[in-house]
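For reference, the structure discussed in these notes is given below.
By written order: A, B, C and D. Residues from 1 in each chain.
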């Protein structure tokens, strides 16, 4: 097999993604996100050997938002094991990402760790296990990316809190079923803080490599067993992109996790990790150009897992 | 890479699956299925070169039920192309397999082709395209399996029709939104008939190879483009096992389609196709031993797509 | 108390109702109803002594549609007694009138006899009790109104059947829970036929008097006990006007039953019975001018039950 | 018409209610309520002339809980007028009393003022209008009952707050739609405080007379117009007893409002006001003996509004 020219590949993929017409709209529920240019674009690929390539604004930090849910999940499983699944399911939700309906039907057990409700439960468990959920995520991202600048944007976190009645409702609702172990306010504070972490495509692509390496971190230590890592990939594929997981699997064919800051992190099992960033979102909350670029990538390379 | 000893692998997998305690219960909504022994078991693996291996009752014909939905989907896409997706979605349903709720919310467009409602729409389109939906499926299965005995069990089809008020309700409901092109009675008759097809693990494993070969049939002709075949695998993975698709992806990590007759067909992209049969079902309607065997298979081999 | 000048009262109420701006839209799901003039208007009051007064097109026959559900309910209770309530509830539905959602949640027991699902169950029971549900309703209306011309408009019934996929879906769905005792097709035929009965405001006002008289028919015989009659009034008030029962109770304050043909029949317990007809409907399916006229009537007279 | 011997009537009604077997279970979500004896019983009737009669523990104070919602509604309408209905509907909910589902479907506008969500909105508006919602309710109850001892049980209010994750979730959820004008914490504090008011059957029967008098208070002043008072009665009848409003209308036939403390207040328009208390609740949250006594009362007297 000829060596892949990743730099050329990224140039081609970016060109194709930007060539499409639609850009979507930046998230507007908090001012910090609304200011972003919907057409901004960056993309990075890291390979399992630790090399990283990028195009566009691939080194510019952005608000990772729900992409953080992937890391809280991995860390909570690494620290606490399978018991996590007693408090959160792993089925697609079939409903918009912050819906309360299903939570009520299913008695306070959120459907999966990637909807807001589920991420609150995971944050609660990680907080219980480590005493500092946001610190644990931040430290992990810094180590894996080698970038000590990765950190929470406090203005974004404060803004999320001010506009966070929905998440507060979710947290109280889950608490009413006895499915939170820390006070609602603490859980929310850690949740807002890890969603407000700023990192670049470069940082996230490197930080995602532990899943491409089936559980092995940058320093060669094992965070998760091979089987656990594969299972996180499975949950990403079925649940990682809000109510468009089926569409994402259909078009892209990779495990991926998106955030309303415009980031999408996707895993190429055994090969590497890709992060795209572009703030314009579609109706489901996923980056329009981000998904288009990943679609172009797997179409060009056949790297879909299917 | 050493050659795989498929026969030994199947023996080991069967032993592990049968070693677990649970057997589940046979489907009991029609007498023909209720009579089946929940602990019966067969399993076959076909490889992309056309070889096939089996253990247990792998050559015994059973009622394929919803596994037929995979073939109606592939044939409808092959005959009619992407226009199919205007009448049916491809998102996981997040609801039991014959729920009417989501259908109402989404104005008569079923969430995906593998819930009953979606399969009725696919059947309707295949009927429109070919004039004989059940004939098309039957012919495809016969050709790919090389077994001319594959055919509809008329007693099962008649029994389904007699107990089919739910499916009749679904079909009329879809028709009320203008999303059926043939009379409700015709659509139902073809639907019951292709669900009532009898085939063995051997037959289905061979018939599933076109997906492992990314669109190429047994005779070397192309049914679907590489991309289309991968996309069907993606839909199987996210939607193929009722409301337990997330669980199946997590445990097994393969695209798969199950039926209440106890069959499960899973795809090993690029490698082969596996079919397991055991009539005991779990609460979600999937074969208990079938899922256990596929879990054991990917755990032993690492063949999960993730 | 001074005698009421009913003729003057009706003139005043009509003037006030017609003075408002909105007219609504005629039902358009079948051609026979779509042709009606949304601004046409008739109104009649019958008093417990059997006198009847009217204004506008009060003697013109119209399609009574769901107003028939009141008579099927009364006759099914008269013939079969309280056992009816094992198959249908008496709570407001809180959902559009032909929703399937609640039916699924509540296992095939429709919420009340005035949503379509509930009326299908009542029709089924009346068919079982009498052998001819539509005949029973027609005969009752003829006798109480003294008008032998009251009868089914076969063209309307046929048109309902042709456009009746929703009702067919409901009937099959109820049958799937074992809550129909007759074949789906028979139940639907009788349902369409009693909905397609043509009668005038005069006819219906007279036919409703048995409820104002707390169970006593025109000939002095008792159809229902005093308590049963009051209870039908209670069900009308809480459930008689689709998803706008609360609004109707709030504005009008009388037990009432509406139909998409534009008719509304309301009961003045102990005093009389009022029927208004005007085909223009609001979003909930109730006659705009009909509700406005009843609002004007109770505002002018204080005859609200509250 | 012979004068009614209210004392004898109450004796008879109590005897009949206590003669039935079922007692239900006291509310157990907070310790203060769980301690109540399910079979305790008190009942009072006040007549529009201001006389009051009672049996059993009719002068014993109990936690009025949701009965307070009737007074917050009346006061918010009296202070602020019809604009209230822009923030809360008046349709039956068709769902358990603190369900979040419908709130989501209807974009943060609760269905009616008597479900918890709606009462939070009404409390918010009363707080905005008066600066002290609980003070307004307390003062009203004291004045109408002539009992200066009516007041909030602080231990109950504190207990509600500690166990109030559900109500906190509701309040945050409504706030996320912009439908609260005061801080969530203030609204909740006033809500818990007015629900925790202690009053007796005597007090509440007297306090409910303004509705029997169609808007006129004990001192002869007018709180609400005749039409407004009737309309509150209408909302009580269609929505006042959680998800059993249809059943209550059917059995009792009076406007009524219940609370999980075991109280039920019902209005006899033009005649008087009745309050029953017995802590044993049915599955819908209504007092078993309370509803039975009101059923016996209207059966014996024919005072149903129908």
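Keep in mind that, in the parts below, contacts are C-beta pairs under 8 Å (C-beta built on N, C-alpha and C of every residue); 3 or more make two chains touch, one makes a residue touch a chain.
Chain-to-protein mapping (UniProt): A, B, C, D = Glutaminase.
As the structure is a prediction and not an experimental result, all values here were calculated from the model.
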Graph distance between chain B and chain D, where chains that touch are linked: 2
Where centres are the averaged C-alpha coordinates, which chain has the largest centre distance to chain B? D
Between chain A and chain B, what distance separates the C-alpha centroids? Give it in angstrom. 32
Using mean C-alpha positions as chain centres, tell me how far chain A is from chain C in Å, no decimals. 55
Note: chain D sits from chain A at a C-alpha centroid distance in Å of 48
Going by the contact rule already set, what residues in chain C reach two or more other chains? none
In the complex, chain B touches chain C at residues 99-101, 104, 165-166, 168-173, 175-176, 184
Tell me, which parts of chain C touch chain D in their complex? 89-95, 102, 111-112, 226-227, 230-231, 233-235, 237-239, 243-247, 249-251, 253, 255, 269, 299, 302, 304-306
